[in-house]
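Pasting in a structure now, in structure tokens, and then I'll have a few things to ask.
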Amino acid sequence: MLGYVTRRVLMLVPVFFAVSVVIFSMIHMLPGDPIENLLRVGSSPAQREALTAKYGLDRPLVEQYLLWMSNVLTGDLGTAIVQRRPVAQLVAQALPYSLSLGGLALCFSTVLGVVVGTIAASWRGSWLDQGLMGGVLFGSMLPNFWIGLLMILVFSVSLGWTPVSGARGWESLVLPVLTIGLGGTALVARVTRIAMIDTQGKDFVLLLHAKGVHPLTIQVRHVLRHALIPVVTILALRIGWILGGAVTVEVVFARPGLGSLLIKSLNQHDYPVVQASLLILAMAVMLGTLMGDLLQAAMDPRFRDSLT
Amino acid sequence: MSAAVQKTGMLGTIRRSVAWRALATIKGGVAGGFLLLVVLGAIFAPVLTPYDYDIQALTNAFQPPSLAHPMGTDEFGRDVLTRILYGARTSLSVSVVAISISLVFGMTLGAAAGYFGGRFDRMVMVVVDLTWSFPEILVALMLVAIIGPGVTGTLVAICVAYLAQFTRLTRSQVMALKSETYVEAARGLGASHAFILFRHLLPNCLGPVLVAGMLATGDAIILEATLGFFGLGAQPPTPSWGGMMSSGSGLLFKGPWIILFPGLCIALTVVAINLFGDVLLAKLDIRDRLRVV
Amino acid sequence: MLLDVRDLSLRIGTVGLLDGLSFSVDRGEVLGLVGESGSGKSLTALALTGLAARMGATITAGSVVFDGTDLVGLKESAYRRLRGKRIGFITQNPMSALDALVTIGDQVDQVSRLHLGLSKRAARAHTVEILSRLRIPEAEVVARAYPHNLSGGMKQRVVIAMALAADPDLIIADEPTTALDVTVQAQIVMMLADLVRKRDLGLILITHDMSVVAQICDKVCVLYAGRVAESGPVRQIFAAPRHPYTEALIGCIPRDGMAPGSLRGIPGTVAAVSQYGADCCRFAPRCCRADALCSTQQPLPVATGTGGMLACHHPVDTPVTEAADADDR
């Protein structure tokens, strides 16, 4: 088991470098010169060159990449060209907002999705099943930002229950979490329901009934336990969805998170910030997948034993 | 019923209610009808509305829905319904075209990877898995940033964002079919790779992949709208569903209908596409083959 | 009588799958329920344990009297208290009968904790005791293992242990050996026979294997397409089968000193449930003794002198009018 964890963590290293190369090259294909934003009207070509040299933009791409990487590995993410602050500082400021939002949205959609999926699977084919699944699916088909806007309209503008935007206090988290969570809920509910229906038909469930175990115990302690394995797998694979949702929703609710930072920096062509925030998002995706794999190993003794 | 009983024995008897199938056709009919309505509305927009989509009349701004303007007017005094009808042209065509292109590329790539396997397959899958684990919206945002905002950027962005999904799906289909007896027989008879691929494998995985494409079109409409909402989609004055909402939450106080109706339109269209795709899946009996993971 | 089933009929949807089954089993007795796949054996087992409703089946007629109470129409909660506690169940395939995510010990403990109200520790001691009595080596270690760590024979012993954990009066074993290696099959069968004697419990052994029946059963009930063809004491049925189907089944058992190629099968297959006729003998299409009567009138079960039943228009020991039966035994 320990060997598996080490191997799995070590596997992240090449992936990390591959991702960093992709991000780096994409960034350098971006049009628009960030130096342009810095120059005052009428500044001389010499000033321009000095600035370009200062940010290392005149050196060959490979060298720039190596420099960036070696700095990243020592914890230095560079300096924002337009926002003129250390990138690490900008990111560190934004990250808590995104983490709290993403983490809560993940919890929310997992819990709600599993509950809905379990209920739907237990009363399969009934109006409850069709109504719940229909409702959840409908919710997941709506554009994230539009749900966000609607929620603001209903809860903030009309009812005045929650703040319209910003990031003060837990109240400001409610609407964004709900907005992102809806999409994930549908995914989790669907996987839970299918996996549970699948498991319900297994022989061991029949035997559990024959042992006289209460149906509720069977559903929760046995069937759901099996169903959670694919749920974890899917969630780990699609953790990016939650992050992607966070990007849009942060903008809608004007939360100063990583998503807002990314969009702002993209518009300003602030390379180092875009690079760093993408790298962080990619790392979050990779860590999510890792967590999923490890969780799966913890949940499934067959999988655990196949690793040795 | 009797067929099911014969196939799976007494205990495996699965009761399939006929009512559900009937409902499915009703579901399919309603969804299909709505989609047809949207497409017709987009095509005949100039005939259907007396207003222009791009002429501003500031004195007429923020009119709530009325008989003259069933969905009200926006912050520049333009009729919202008119802009939705014209916007459908942009949003639908961009999504459909982008997904079609993506399908062609994805199928080719996936079929080749699945059929030939080996190092080529591994290389393709590494890239595909990498993009797949990244949220579509992030991939699209990056691409739009590179290419620049507008219809072309959106088109390419959607195209690339969904490429991974179609590649994965086609690959898994081809891999499953590859070992079927008839394919091996064809190879034994000396059929060329191209012949086997185009004659046997691709036609057989067309159903699931096309339905997946249809369902993805729904997602693409949302993606297009999201880009539009960020102001990165079709540029003004060209109306698009997402672009109509790009003024964002600021409008919620003065004219919520400006946000409400385009969003509702997107939502209904996407739901209709999904419902219709669902009916197709049931009719073609390929639901199980659509599992990408 | 521990369990007395009378005229049990059951249907799924509009299809009648079991039609007027009657049999009984007493303490210390083994009843063999025999038939080909599709004859309704497993469904009978589910009907007796009250689980048939889970398959969408409804009992339409008859009674299942267990220790004096009729179980048909019993409330689900009451039935649940019987299952596992007084009626143990052993399923067909031990490979899939255990929850792969739960340890063996916890799965067996579950029964005694639920029905005997034992504490966690007492339940485990109980489990280890049962496992060792079923000749599972190092029972404490096995209790901590997961199902995938065990062989098929071991898993089946665990399933048997679960059936025994609450000390039941009746055990229903649905093809307990089909999925196992031949060498293990004999062990398990003998183990079951041994349990019946030692614990004085009733056992319904569902099988398609006549040789197993010959080995351990006291009584046998032969099913064909959801109906009883013939039933009676094992000794008598084997010595003088009267239903052509029973005779054919016994003819399928390989014996010492058989000439090569003389092992017989039964031509054709059991009809699909949808093709079940009402007013006919369902075995008629495959029967060498069938005549016009067999395809127009259902042979009703008649009590035989030995406490069994027979449902045949032309039993083996009566001469057939036309169709000269060459095979006289």
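List of remarks:
Going in written order, the chains are labelled A, B and C, and every chain counts its residues from 1.
Throughout what follows, a contact is a pair of C-beta atoms (placed from the backbone, for glycine too) under 8 Å apart; a residue touches a chain by one contact, two chains touch by 3 or more.
Note that the coordinates shown come from a computational prediction; the quantities given were computed from them, not determined experimentally.
Ranked by C-beta contact pairs, the top pair of chains is A-B. Distance between Cα centroids is largest for the pairing of chain A with C. In whole angstrom, the spacing between the mean C-alpha positions of chain A and chain C is 54.
Annotation: 22 Å between the Cα-based centres of chain A and chain B.
Here chain C touches chain A in the complex through residues 49, 51, 54, 80-85, 89, 91-93, 96-102, 110-111, 114-115, 146, 148-149, 159, 162, going by the rule given at the top. Taken together, the chain A residues at the contact with chain B in this complex read 15, 18-19, 22, 26, 29-31, 125, 137-138, 141-146, 149-150, 152-153, 157, 164-165, 233-234, 237, 239-241, 243-245, 247-248, 251-252, 254, 262-263, 266, 274, 278, 281-282, 285-286, 289.
Contacts from chain B toward chain A in the complex involve residues 17, 126, 130, 132-138, 141-142, 145-146, 148, 218, 222, 225-226, 229-230, 242, 245, 248-249, 252-253, 256, 259-260, 263, 266-267, 270-271, 274, 293.
Chain contact summary for the complex, chain A toward chain C: residues 202-204, 206-214, 222, 225-226, 299-302, 305.
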